[in-house]
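The first chain written gets the first letter, and so on, giving A, B and C; residue counts start at 1 in each chain.
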Amino acid sequence: MNIGHNAAPAREQLTAQYRTMILIRRFEEQAARFVNEQKMPGSTHTCIGQEAIAAGICGALQPGDQVLTTHRPHGHFIAMGVDLKAMTAELMLKQTGINRGRCGSMHLVDPDHGVLGANGVVGGGVPLAVGAAYAAQVRGSGQVIVAFFGDGASSQGGCHEAMNLASLWKLPVIFVCENNGYAEMTPSTSHISVSNIALRAPGYGMAGAHVDGNDVLAVSQAAAEAVRRARAGEGPTLIDCETLRMRGHFEGDPERYRPEGQKSEWLARDPIARLAGVLAERFAVAADELDAIDREATAAVAEAARLADADPAATGRDILDFVYAGEAA
Amino acid sequence: MKELKFWQAINEAMHEEFARDDSVTLSGIDAGMPGGAFSASRGLLERFGPLRVRDTPISEAAIAGLGVGAAMNGLRPIVEIMFMDFLSLALEQLAGQGAKQHFMSAGKLRVPLTVRTMCAAGRNAGPQHAGSLESWVAHIPGLKVVWPSTPGDAKGLLKAAIRDDNPVVVIESLSLWTAKGPVGGEDDIIEIGKSEVKRAGRDVTLVCVGSMVQRALAAADALSAEGIEVEVLDLRTVSPLDKDGILASVARTHRLVIAHDAAKPFGFGAEVAAIVAEEALGELDAPIRRVTAPWAPLGTAPAQELAYYPDTDGIAAAVRSLLA
Amino acid sequence: MSHEIRMPSLGMAMDEGQVVNWHVKPGDTVRAGQVVLDIESEKTTAEIETPVGGVVGALLVEIGTTVPVDTVLVRIGDGTGDTHEIAAAPAPKPAATPAAAPAAASSRSAASPRAKKLAQEMGVDLSKLTGTGPGGSIVEADIRAAASKIAPDGYVLRPLSPVAKRVAERTAESARTAPHFFVSSDIDASALERCHAAVKGKATINDLILWAVSRALPSHPLLNSSYADDGLHEWKDVHLGVVAAVDGGLVAPVIRKASELSFESLVNTRTGLIGRARAGKLVPDDMLGGTFSVSNLGGFGVERFNSILNRGQSAILSVGAIKKKPAVVDGRLGIGAVMALTLTVDHRVVDGVAAAKFLSDLGTRLETMTVEGLEA
């Protein structure tokens, strides 16, 4: 779905984004429950509170564009249109999962919907995105590649190298930092030498933007500009989206490191609530309509889980498959 | 058959593969305009243009990630890591990412990447530039590692690596750079995973790869004058090892020596010895011997290099010790 | 560094030799020229000296074992360290060898996996072996050598000496390859007997026969030739092999250039050869290059027999005993001295006619032999 650059957002477009965001929210809430119920083995990282970034950035892309994401990927996958049941099955490590149950949350991949992969290595996807963007440039495909990463990842050596290279070669890549204030369990102020990551953009010779990551309209606008720039061959953009991770680093994280009152402050800035407000105020969308969307999302997520739960688990023997690709060119 | 120098064979392989397939690209430090730090990519930029042939910054992690990511999005890229010691800087992208994409995606993604890297052992390059580190990359499921010993093998293996749909590390020995030899034609591909008996013999199997093969053949010649006939088995591919080739040779000779420039502990000699001990113990008429570098980083001085790397005499002595 | 003492090659035809006796043990210090071991090979024995002084290493071949020429038998170390080697491959050092030396006395040496497997398959008892492998280990070659000595139940084993083994092999080969053709003739031996009486004590009847053969052969070059792939080799000289029985079998030492020797020289040569043969002291040159042989079983009372050709020769004369038999003497029945001569020829070289001509010629010479003629 494409929000036109500088065009006023249309009711349908914003409603669609609301749908995406609420779907992400309900999916993540269910995932959090399943982790507690031992239905999702392995590490799961939810993005509750950060939905506007996924919806806003991915909403600016076209089919064929690609995304590299992080260990906190579910929102990006949903925003790119992945099949809910296949993704749920993967989180449950079933044979019918997108990765045949061998990966789980951190390594989800869905090339058919443009997601070249989540990544269990902090910052691991950023150099890959630059590579994919180089391929787009050589092939003249017109693709735009998005690299999501967190504020913690921005300190990885590979990320700095990748950004320098992307800028040098004017590659069609957008670097999106989901700056949620925490890198693992320490606050970003102990990780990052500048107050926001967008300040680094001029240092790499590339365009930068610093937005409120919980305002989907602001994110969409920044995304549209970055996409235009990339497709026009003007090079990469670094977008720093400020947000707050509303749950622990991982499900089960006791979060002893959060200061008092922080959470309640951010609940007031919940991106979904804010979009609901905009829809009501500017487009007279009734609460009923939003409730209906909510109920649909909840049902879809539950149905996906119900179907996935019935599928067989991935087998031990399965790990010998796909170590090497079979044929040569 | 025409004769080329080793580096010319590499150059010709790339020219042919670039011409054959538009999706082949080359990126690396000094790979483009200077034609390669050691001339291996001479002429490619002029012939195929700056989209496909690129000089990169000194950013091994980004270079490796560039290769993996581009391979995931439809190219058949070649990237260069100038000295194999710097593979350490590229290993997260190569081993942590590239080697696993096909596996993690259960076959949806492929990484048809070629990583060309140089082993400068034997050229006084010093402790940080002369490592033989094939074991680092040989131990990664999902990667392949080849190491040619002749111009013909270099051309055939590099072409095979480029056409392979998996990430393949191609090790090129600087000490072989100007060695001459016959090379094959456009469609002469050497199968990855197949060793070659470079010299048949009945008394001992001598397993080696890359620049060691020359020394092994010289030792075999010297020993022949003493009535000892050595079979020199050139692995050509370090990973996957040609287990059948190794076992067949030992079944003929009943004695095994492995020679490599890497330090003895955890070198690939240990893997070859273990395979033979596990699967063909009854064939052995003598203990297995490894002739290797010692457990130390390398010195730069010529005398230190001489003391460090196995030489013809050392190899010959190891062979003789098995025949008492 | 160490000096290797290997099984020598004595004579062109020698492929292998047997270790008969060791004069040293591992760890002994020896000086240059000292005898280290005895070997037996190719119808002769020899003492082997070390050309260098030093310390004796492991005795790599046990007494009684036959090994190919060039096999290392023992090393004499100079006491210095090993040559340059990066890998710690242990070359045989004097310190290591005492472990191997008592192997013959102690229960067992280490055996290679292949040796163990073969020992089991071939029924060899490892505990009885000394190893020739690295560090004195028992290796495949040791198992195979030992297995060749093992016999199944039912008979007493009489091992063949190298002498006997060699003769057996050569005999079989000769019988297989050359088409043997026999021509026989009984001659009147009375002239022979008269000559013998005249030279008795100084020469034997067989010497007279040798003399006659040496004079007859030059006129019959085919009988002094050999069959080869490229054609017949017609030897320029007559080198007469004299078959003699010694301990352990037959030997055929050679009287060289017999046709050029005087009778006296021929006898002396023959005496010397047979003497050395009986004492086991023939040297390689004694045995080489025979072009025609004479075998005489008359001393055992044998009347007539057909010899098998010696390898490389196209004819051999078998001489029987002189028997008193009824004969026509001066037109009347009387008692004659009859000696049977049988000539074996290689029919590829000598056909029946050539054989007959030679035999006839020889018979005439023997029947008309005079003492005066011997001095000619």
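FYI, a contact is a pair of C-beta atoms (placed from the backbone, for glycine too) under 8 Å apart; a residue touches a chain by one contact, two chains touch by 3 or more.
Computed from a prediction, not measured in an experiment: that's the story for all the values here.
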(message) By Cα centroids, which chain is closest to the centre of the whole protein?
(response) B
(request) Select the chain at the greatest separation from chain C, using centres from the mean of Cα atoms. (result) A
(request) Go ahead and note the Å separation of the Cα centroids belonging to chain B and chain C. (result) 58
(request) Report the inter-chain centroid distance for chain A and chain C in whole angstrom, where each centroid is the mean of the CA atoms. (result) 95
(message) What's the distance between the Cα centroids of chain A and chain B, rounded to whole Å?
(response) 40
(request) Would you pull the chain B residues touching chain C in the complex into a rising list? (result) 227, 254, 264, 281-287, 289-294, 307-311, 313-314, 317-318, 320-324
(message) List the residues on chain A that touch chain B in their complex, please.
(response) 66, 68, 99-100, 102-103, 107, 109-112, 116-117, 119, 121, 124, 126-139, 141, 143, 145, 157-158, 161-162, 164-165, 168-169, 321-329
(request) Please give the residue numbers of chain B that touch chain A in the complex, ascending. (result) 21, 23, 25, 27, 51-52, 54, 56-57, 59-62, 64-77, 92-93, 96-97, 101-112, 141-142, 144, 160, 162-166
(request) Spell out the residues on chain C that touch chain B in their complex, using ranges where they run on. (result) 60, 70, 72, 82-87, 89-92, 112-117, 132-137, 139-140
